[in-house]
Structure formats: structure tokens, C-alpha cells
């Protein structure tokens, strides 16, 4: 039985359908990257796993099972228990997700309960400096703050860690460090990871499996190397082709043509159809059912036909999670908070 | 932006009824509020549907007039407060520097006067009456509001959307009106309705001490103050204006909270 | 060092405020119609009598000179004499302060103990529709019942049906603490109704501001219980405006819970000042307002310290004040 | 009563119920503590000096420690006090026989020197009461226990004026050697001595053990609490915190209805409300006597009494209604005229559509009286705008400048114990305080002086004064000002006059018997 | 040259007097951006990139050194530059007024210029991949990437002469990133604006920038043509940076 199982989940906001029948399975110990176009519903999916959606969101259909428990139908106390025991979250804004009025040590202690070894947990994320313990979040750099957030999320050794673009706000070196920390800790604890990101190379490198979202559905999922190296869905292929890092200088990259859909109700057919070079009539009004292509599950009417015609330039050598060099401890830069920008209007 | 919630709509409806009620007194519905129509302290009955007061006047038209007086007085006062606080608070908060210091010191000085003492001083200096009551309410409510608006404006001034507007070449008035004001509007709404309750309370307090509107004009404060004396002997004297006053302030507060929620586009999170 | 700088800055700005207050109050009492001599000597007094009295209290000198003398005296700790009772104003204020202070402490305690939970509850339960409405109505009700009505009602009811609490015969705390409390609890309750409601509303507003913050989502995601989230994350982060409000309320009340003092006939600071205003007893009004301003300033400093302690981003040691 | 010796029967009040609202039950044991509440403290800048006091509340408090040569009975007859009796050999001479065994509360015996000194000091003072004593020519000691006062001309109210607190006998020896300052210390021959006073909070009086009148005072201690707020006094009565309290609102009785053991009584007084019309304000229509008469006609004193005072007051002429010898307000010329005539007078004066401001202070029942006046005058087409102020601002506006700035104002006079005394205020040249808004009326002044000189046929003379003042109408008497007193019948057996001339509710407090106190 | 920074130093004084900490966020920085050119600015966190952009935008006066925009020092009145420069600021979360609809936000630079034509707004929203129906949404109804695109649309709508992109594409998925980068390139070709492109993402920088400047601890340690830079950076730190790519 998989640890996380999202089945035909439909989430509506006031005037948008964010998830339109998303399905996803995450097994114990597995790391799954979720990629997709901006607005495709990644964050909504991530929040739905812990039932952390904003009030405006409504679950219209489907369910989310974590360790077999239906998240959306649990009474409050059971839900809390589930979150405590099975789930951990790391969000994009590192400093914002820490309580600004509490010392880092106290926040961690709150999670660990009495008798928890705070130093040990900070040490695990390579924050050995005792000053960190007594520091307030605003006195930490972004990278340090994100590591604290990770330490808190991992403190209870959750079964599943949901990380929503946890490194987007960080610069490239720090980004690597933080990712390393997460994956190492998860590997040690046997934690599964749901990694929401748009950093395709990183996902390819670090995740076991990838789920590609489009228009509120998971249109393709499978082993990371397979999905990104040999996409089976036309969208995945287009996405993988457009990574700027992949381009040689002076070459013009082509984005996926057209605009992503903004759904207000169920999409009548394949949401990608209007932008798809291979679309045919039925794509516009018949919702595709999952098909298996190689090791991938694909939502495409023409997946079988297209099996070998889609290519991707990324040839990710699935590398071992890089051994972490003891990251140099930044002398906690107690940065003076910036003053009001001097504006001369 | 969300619609007002049901409670707030109820509050609005209640206010509308009260305003209609007050307008009724303008067209003479209910009778002459000053005329002595019957024996003193009569319980409700024909000719005086809410009873008569200690001068034998019918209470109903007096309550109608009182609602009008009080609502008009306190809303004008709060409007003045809101405009002044918004202007000074926003400017001081956005501009900072000496202007900020000056405004904050002035506010602190005003703040340092006990409210009712301030009101009495104003009434004594200006001579009692509506102007004094108005000025008192303004002076009593302005410090807190200016302070909070300023604090909110300081926070907004640092936001990137303000910087963006400045980069676009937007002039100061535009920045203040389009960006700072809407983002401190929630504060102004909450504080405004709070000030409205304070205003009504100050008016009542002034009447209690004899500095309020001038007789024979009725205001809720005056009516309630008089009614309080007859609470046991003639409860109808306080019941009418009391119910109306409680309804008014309650409605205002409820609407204020609703407005605040409405002006805050982000949704609060439930804790479960 | 930082601390020292901060304190001296505070002292300077406080002095400026006090000076402003002193000028304003001095001018205001003199602008009031009906001079001291007329008021106190009554209509039958002859002009000579009035002149003599004015001379006795130096009221015949130019206002600037009077102000100078007064300020010098005040700076030396001498608040002058009441022109009515001929008693030193400072001593009388000091004698009355404990009553007002006790009232204030009780009322503020009630505001914190009842208003804050009510505010948190209405915020946490606030749904776009329904929910928490009862709390909102309740706190709305609190601000809408005028103090003097509630006061009169309470006084009336409790004086007729004793119900174990006393009305109207104040006993000093030092003489009999139990009896004192029995007489103070009602006025404090009346006084607190408004501040409880205001505290509740401010708390609600502040808590709702915190509820949109990502760290609350993070805490929910960690499976912390609502109570724990409120206790550990929300209260502190929502505290700044609430503490500011409560501090300000305290200062206000210490400046005179006038109406309650009147209705319950408690010899507090507020009634002293107001009676003095009525009789144009300048020295008393000036001293009283100055005292209130002083209390207010001290409260402000306390608020800043407290807020700084609660929110490290705003603290003295954080180097910046918001 | 020329050439006779008056020895009125002493202690009449103890047995005679007529003229009394309550009579203390002498069967009850003396002693105990009496808790009282009044609405205002004495607040004179002149301190406790009785000769300078000019407010009834101050008189009331000072009367607990100070005594006068004579006092008034329930029927306003003059009664002996520190003077056992007095002779009036002619209508300008009074010889007072001082009571023996009277001592000040410091133990020193009162002497004729104290009496002579006190009266001389009073005459030399600038207080109001110096004038009320009349044309005193000479005060001399006439033996060890006799004092003789000679007047320049006959003055009927003389004894009544002597009966008020400003004429109290002071310890002149101590004042002379400056060991006592009457402004700060109360040292008199009265039944109580001050134990403690906190301005605006409370007074505590203790029994004067050297009091000359054996068996008095009955209560050992008086606690007087100052409670400005009516509700607080009502509360104190209800819960027994006060055994007796003065009440300000005419309807307070109804608030206390049903309160166990609380008895509310209305004490009539000779004080009365009057309307001032400023005839000196430049350009004012009120300078025209016709306009003022029209206003006087349009005023309905009975309605004011019935509505504003809840039926507790009485219409009055300038001689206070209720005093023996005062005129009947119903016979005043203005009372017989109709509103039509008022309108006609206004038309004649070219003052149709007259409109003026009535300035009042904000303590009840002034606003109520003013609003009834407003309604009255509306009948005659006169518009009155009411301007309500705190008392200090009010007196600033009314007495502050000459000519005064107000149009009309409302106030009240103490009526005293002789019908002629208050009429003196109608001559602004001697009264002074109203010179800023009132033109002297020669004829009226002459009539007033004449009435106060006369003993025989005085009623006739006073009637002329009333009619003349009614026509002059610069100060229009309206209604008497009743006092409401409430007491706990289970705690106290008090004595109270039915009518007071000096506004002194505590006049008979030395007789009051405490049943139990809380 | 549309923008010239000449020997610019910015020193921040933080903390109370007496115990002021002085920190050079920029040290003797000299940079030029030509018309029609994109200068990429890279460097670790806290190296002074944002500060540089603020100086370039005239939001902050340098402690020393000169700034020339379009050959002239900044005018006293900012208004004279209206429509000439724009910026996409670093934090997408705070870059949009939460109480203004997306359409109004994007239209604001036009309003400032007194232009009332709204077609440009819809057009620009389309360009950044957001339909016209996004115009009446509020920022909180957008995903992170959508919000960032609105800021970009706002910056481009008046076709200014100079634009700063501070981490403008950091929250976008690759495809949209490419779309936006292409848009920038296209508009640049059409209107010839100069751009300062700040990013952590060396791939994106390489894609759009004509020249690259590397900052470290407030100093510009290397400026080079993009092709040269990626072929073989000369500074040690630049090499480190490239390795991380």
C-alpha cells in the first residue's frame, strides 16, 4: 500500500479549478518530484496532502489518503495526529515560516516536546553554532532559516515530507546545501519526499520518480530519468526542451507554445490539447484515461502512438545524492534589517 | 474581495432602519419633540407611544430626534477624525522624518489628556453645544487613530508595490491614495467604528456631566442620561433610547468588523 | 550603551511631550470662561475682593510669568496648593491615586482575562459566514452600553439587594482589604465592560492579522493543536497592538475613571480633576493633567519595553523601533 | 413690638408637630454615629470663615460648630440661642442678654467681648452679610453679659439677619491674638467640633463635650460624606450607608419608592428661582419695559412649579412665598393678564418675533425650568434659545462683565427668614452683583427701603414692592426651590422643619437620635 | 549609455548612534548599461546586487560616486523620469498591491503617464502568458509564478528605456521562464531598452544577458561578455559560481 495516495482530487477556488482530478501515489521511502507549469496546481496539491488549503478552496471530489487515512474526512483530532505523526512540510519562504517572536531553540523544543535534543536536530542540518539556538528567525540568513525549518519538519521523522519550492528563494550554493540536507535526512529516516519544484535538473538528479502536472492533473508520472529523459506526454517533452540552462548561447529556446488553461470547471477533454502539436479531435472533448507507456503512467490519448517520437534534451545521469561536505558554518550574519527604502517621489 | 457576511448585513440593515427613524423626525413624524403634551412621567399610551418624560413631553419624537442628533454628530466627528488621522498618519508614516516626529509628538500630547477632561476643557473653552461635542469627540479619538494609521502606513511604505509605483514616476498623492490608503483602510475602518462608539460614549458622557447638546434638543446621550435618573420610576424613559443606542453601536461595530474582514483580501487560516 | 542611548532618547521625547502638555493645559484652563475669583467668590463679591484674591494667587501677573513660576515650581516637585482646600495638590493627588490605581488594575485585569480570550475566540472562529457571531455581538454589546447607565443600574440594584457586595461606602485597602475589595469590585466591573470589549475587538483584529501568516500554516502543518498554536504562536505575535491598547487604556483609566468614580462616589483622581475644572482650581487641574500625562508616558515606555520583549524585531536591543 | 420684652417659649419645637416634617423621638437613647450624605462641600476660597461664607451649603456645615445670638423657629419666629432674651427699648435699639455658661469648644467661656467683636468684625468685613444686618450704628458691651446694638433707623429684618451663620459668634480673643485663624479652623460654641475634613470627600464631626445645652447633641459622631452624584446618595440610603441624605432631583422620591425604611420628605424653602433679563446690553430689546412685562405675563409660574419641579415648588413674588407677610403671587398684576396682552405689548414695543438666549447652569432642575420657560414664551411668539453651561462659565458670563453679555439668565436666591431681606437685591446700587445687567429703579428702591423700616403695616408696603418689581421685571421671581431630604427611619429619628429659610437641612441635627448605625 | 555607475559606494549605517555598524553594500562599483543591452548581474546572496539596482533606479543616493541616467544625473523630480524606467523587484509576495486588481496594477504605469488606453494591458498580460480574465483577479488569487508574471507585465507595459529585473524569473517553471526571457529579448530588439538582469540562475542569465558582471562582497570582481564569461571566467570566484551550475 502506498503511503500517499491522491485519487481523482478536484479542488476549486472561487473562480478557478486548481485541481481537476489529480492522482498521485507515493510509496514508503520514495522521493517524488512534482513539476509543471506555473499555475498547474502544484502548491494546491501540496497543501491538499495536509489539508492545509486556504479557506477559499473547496474539495469538490476525490480523496487524499495518507497512510490509509482519508485526510479530508478525518475529525480534527485525528487529522492533527496524522499531521504530527506522518507529515512534515517545508515551504518556499524560509524566514516567513518560522515564528518571528520565538527563539529558534524554543521553536524546535516545542516540536520535540520535553526531553528532545535540540542540538542534535540542529546538528543534523549542519547548524552546530550554539548561537543559532538563541537566535530569532530574523537574525538568520535565508539558508540557515530554511535549514531550521527542515530540522523542525524532520524532527518527528515523518513518513512523508512535502516540500513546496523549498529552495526557490535561496542562491545557488545554498540551494544545493539545503537540498542535500533534506535528501540525506530523508534517506536516513526512510522518509518519503514530495518535492514541488520547477528546477527540472535538480528533480531529475534527486528524485526517484517525477509527476508532471498540467491543468490540475498529473499528466505523467514515472521514474525521474524516464519521465524527463524519455517523456511520454507531449507536454512533458515540451517542458523538458525549454530549460534555459540546456541551451547553448545564442540559441533561441522555444517555450511550450500557447497559454496554459485556466479552468473554471472540469476540462472537457485533455487540457493540453489546444497547445499540443499532436492533438486530434477527441483530445478536445474526451478526457484521457491513464495509460501505461514503458514505466510511465500517462494521461494522453495518443501516448502509445507517440511512444518514441518524443525527445528530451536532458540526459540526466541519475547521480547518487551528493555526499555532503561539512558545509562551512556561516558566522550567523546578524543582518540589520533593512530600513525603509529611501524613496524620492 | 468577499461580500459582507450575514451578521454585517444585518448590522447595515439595522443602521438603515435607524437612519430612516431619524429622518422621520425631520418630517415631523411622531410629533413635536419639544412640546409638552401631557402629564409628566406617563407610561406608554395613546398620544405618547413611548410614554412621557419628566416634562410631560412625548418620548417617541424625542428618541427620533435623538437618534438623528447622535448619529449625525458622531458620524461627522468620526469622519473628521478619519480624514485628519488618515491624512496625518499616512503622511507621517510614509514620509517619516521631522514631519513624523512633529505629528507623533502632537498626538502624544493630545493623548496625554484624560479623555473626559479634554472634553470638558473643550466644552468650557468653546462654550457648550454641538460644536464643542464635535470637537471633543474628534480630539479624543484622533490620537489613537493617527497612531495606528501611521504604524500601518510605515509598514506599507516599505512594500515593493509602493517602490514600484515610485519607480513608475507616480506622484506623492497618487502613491498615498492608490497604494497606502487602501492598505491602511482596514485599520481606518476598525478604528472608525471604534471611534464612532467612543464618540457616542463621549457625547453621552458630556451630557452626563451637563456639557452636551443644548436643551431642548434631544440626543441619545441626553435622553439616556435623563432616563437613568428615572430608571425605576419610569423605565420607559431609558428603554426607548437605550435600545436604540445599543442597537446603533452594536450595528456599527458589527459592520466595522465585517468591513475589516472585507477589506482584508487574504483569508485567515482555520486552526484545524 | 545602546540601552543608555535609548533611555536618553525616551527621556528627551518624554520631556518634550510633558512640556507640550503643560503649555496646552496651562493655556486651556486660562482660556476657560469664568475665572477662579468669580467662581469661587460668587456673585456677591466686590471687584476689590476679586482683585485681592487674584493677587493672592498671583493670577494678576502676565500669563507667561505665571507659567514660568509654575513650571519652575513643578520642576522642583512642588505642584502648588489647591486654591479651594489650601492643601498641597501633590499630597492630595497621591492620596487619591491608590483608589484610581486599584480600579484600574482590576479593570485591566478583567480586560486581559476576559477580553483577550474572547478576541482570540472570535478571530479563530471567524468564518466568512456565521461562526463567532455570538462573540462579535457580545463584544459589540460591551462598547454599546454607556458606562453611566450601567453604573447607575448596578448602583441601584446592588444597593437595594446587597448580594454580598457593597456600593457607595469606600473603605481604604489598608484598613480592611476584604471590605475594600467588596466595594471596589462593582465599580471595576462597570469600568471594565468597555475595555473588555475593546480589548476583544483589538485582539480579534490582531489575531486575524496573524492567522494569514505562513508560520501559522506551518504550525498547523506540524499538527500542533489549536490551543498550542494560539498559546505559542498567535498570542505573542498578536500581542503588540493588544499590549499597546491595554497600556493606553491603563493610562487613560489612571488619568481618571471619572464617571465610575462619580457614580460610585469614590474619591479618585478623576473626580478631583473634574471638580477642580468646575471651580477653576487651576493648580489642581494643571497638576492632575500633568500627572495623567506622566502616567501615560511611563505607560508608553513600559509598552515599548514589553512589546520589545515580546517581539524581538521591535525590541530596544534590536536597535530599531517601529 | 416696641418696648416689650420678648421671652419666647424655649424648646417649643420638641413638642409642637405643626411646622415640622419630623420630630426626633426623645425617648431614644442618645449617642451613636450618624452618617450623612450631602451633594456638595463648602468650597469657598475664603475658607471656613463664617462671616465671609455666602453659600447655603457652607452655612449648613459651619452651623454645626458655630452659633448665632438668635435663631429661627419652624414658623420663622425669632428664637433665642446664645442670647437668652432681648429687649427692644425702641425700634432702633436691641439689648441682648447673653446666655450664661456658654463656652467655645476650646473650653474658654464666651464673653460679651466676643459678641461685640464678632458683630463689629462682620460689619467691617466685605461679605454680603454685612449689608444684610442693616443700618447698624453702634455695637457696645452693656455690662458683662449684655450687648447693645443701635441702628441708625428702624430695620425690621435685623433679628432674622442675626439668625444666620455669618452673624455667628467667633472666639474673638483667639482671633485677636492670632492663635486661631477662622479661615482654617472651626472654633465655635456649637454642638460639634471638627475631627477631620478632606475637601470634597468628607467631614467628621465629634460631639462638643463642653456644649452648653445639656443633653445635646444626641449623636456622638457625625460622618458627612460628600457625594455629588445623586445615584450614589440614593444608593447609600438604600443600603444603609447613609442615615440621611439630601437629594437634588424632585423625582428622587420615586426612585426610592419601595426601598425599605427609607422616608423621603420635601422641605419647603424660602429660596426661589428667578429670571434675569439683561436691560443693559446695548441694543437689546429687553431694555424696553414693555418687552419685559410681556415676558413676565407670558411666564406661567404654576406650570413651572408643576412640571419642572414636579409640583413641589410654589409660584412666588419677590417676597418668598411661605414666609409670613409675603405677598400672594396670584395678586400680582402680571398674573391677571393673558397671553394676548403680552403679544400686544410686544407689538407696541416693535418686538414681534422676539428671540433671545437664556443662559443657565447645568445642574438640575435649571434645564427643566428653562425648557418650561421656553414653552411658555413660545405661546407669546417669543423664541428662546437655551445655552447651558458649567457653573463657573455661567457665572463668568453673567457676572463677569459690565454691561453683562447675556440676554437672559436663570438662577435662584436664598429667601432667608424675613420677607424683606431678599428684596434688597432688587436695588442694584446696594446689591452690586447685578449692576451689570439691571437698571436701578428709583421708585422700587424707595419702596423696598420703606418696607424694611416699617414694622406696622408692613404687609401693605411689601405688596407695593411686589407689584412694582413685577412691573419692572428685570429680575422676575418664578417659583420656590424645594429641598428633598431622605432618611432611614430604622436608623434615625431626625427633627426637620417643614420650611427652611437658610437652606439648612442640618439645622436640628443636634436633636437627631440614632437608632442604630451601620 | 542609458545607465552609468561610476565608482559608486554605498555605505549603510545600521544600529543606534555610537554603536553604528558601517557596512559597504557597494564598493567602488563601476558599471554601464548601453541602450538595447542586457547586463546580467550575478553573485552570492548579500553581495550587493539589489543595492546596485536601487542605485541604478535612483531609489538610493550613493554615498560616493556618480550615477548618470541617459547621460544626465538623476533629476530632482522623479516625475520627469516617469515611464522611462521600470523594475521587477525581488519579492513577488510584496510586489503587488494586495488591494488592487491585477489589471489595475499593470495599468498603473500607464495611468501615471496619463495614458488611458487599456489594450496595452491585456496585450501585455497575454504576452506573459496570463489571459485577459486575470485582469480582475486579486494577487492572493494567483500562484507564485503568476504573481511574478504580473510584475513583469507591469514593468514592460510602458516600454521603458531601462528596466531592472531582480530575480524576476526565480519562481517560474522553465517553460514560462523561457517565454518571459524570449519576451524580454523580443521587446528589447523592438524597443531597444537597456536592462539590468539580476539572478541566481546562471542559466537564465546566460540566456538573456549580453554582458555579465559578477559581484562579491559589494565589489564587481569581473565584467565580461557573456560568451567569454561562460567560456572561461577569469576571476576565481566566477569559476566557483560556474561550477555550481
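Residue numbering begins at 1 within each chain, and the chains themselves are lettered A, B, C, D and E in the order written.
FYI, a contact is a pair of C-beta atoms (placed from the backbone, for glycine too) under 8 Å apart; a residue touches a chain by one contact, two chains touch by 3 or more.
Owing to the predicted nature of the structure, the values given are computational and were not obtained by experimental measurement.
S.K.: Would you mind checking which chain's C-alpha centre is most distant from the centre of chain E?
M.R.: Greatest centre separation from chain E goes to chain D.
S.K.: Count the C-beta pairs in contact for A-B and for A-E, then report the pair with the higher count.
M.R.: So, comparing the two chain pairs, more contacts are at A-E.
S.K.: So, what's the distance in Å between the C-alpha centres of chain E and chain D?
M.R.: 88
S.K.: For chain C and chain D, what's the span in angstrom between their mean Cα positions?
M.R.: A distance of 41 Å separates the two centres.
S.K.: Could you work out how far the Cα centre of chain A sits from that of chain D, in whole Å?
M.R.: Distance between chain centres, rounded to whole Å: 91 Å.
S.K.: How many angstrom lie between the CA centroids of chain A and chain C, rounded to a whole number?
M.R.: Centre-to-centre distance between chain A and chain C: 53 Å.
S.K.: Would you please write down the residue numbers of chain C that are in contact with two or more other chains?
M.R.: Residues 32-34, 127-128, 152, 156, 217, 220, 277, 319 of chain C each touch two or more of the other chains.
S.K.: In chain A, which residues are in touch with two or more of the other chains?
M.R.: Within chain A, residues 55, 79-80, 93, 336, 339, 341, 343-345 contact more than one other chain.
S.K.: When you check chain B against every other chain, which residues touch at least two of them?
M.R.: Counting only residues that touch two or more other chains, chain B contributes 120, 124, 127, 154, 163, 166, 170-171, 209, 228-229, 231-232, 266-270, 272.
S.K.: Could you please specify the touching residues of chain A with respect to chain E in the complex?
M.R.: Within the complex, chain A contacts chain E at residues 13-16, 35-39, 43, 92-93, 141-143, 165, 168-176, 198, 200, 238-239, 242-247, 249-250, 252-256, 259-260, 262, 333, 335-336, 339, 341-345.
S.K.: Quick check: in the complex, which residue numbers of chain C touch chain D?
M.R.: Checking each residue of chain C against chain D gives 32-46, 48-49, 53, 82-87, 92, 95, 151-152, 155-156, 158-160, 162, 166-169, 262-265, 267, 271-272, 275, 277-280.
S.K.: Of all residues in chain C, which touch chain B in the complex?
M.R.: Its residues touching chain B are 13, 16-18, 20-21, 24-25, 28-29, 31-34, 123-124, 126-130, 133, 136-137, 139-141, 143-149, 152-153, 156, 194, 198, 201, 204-205, 208-209, 211-212, 216-217, 220, 226, 229-230, 241, 248, 252, 255-256, 258-259, 270, 273-274, 277, 285, 288-289, 292-293, 296-297, 300, 322.
S.K.: Any idea which chain C residues touch chain A in the complex?
M.R.: Spelled out, the residues of chain C in touch with chain A are 127-128, 213-215, 217-225, 228, 232-233, 236-237, 310-313, 318-320.
S.K.: Considering only the defined contacts, which chain D positions touch chain C in the complex?
M.R.: So the residues of chain D in touch with chain C come to 43-47, 54-55, 126-128, 184, 198-201, 225, 227-229, 231-239, 241, 255, 259, 389-400, 432-434.
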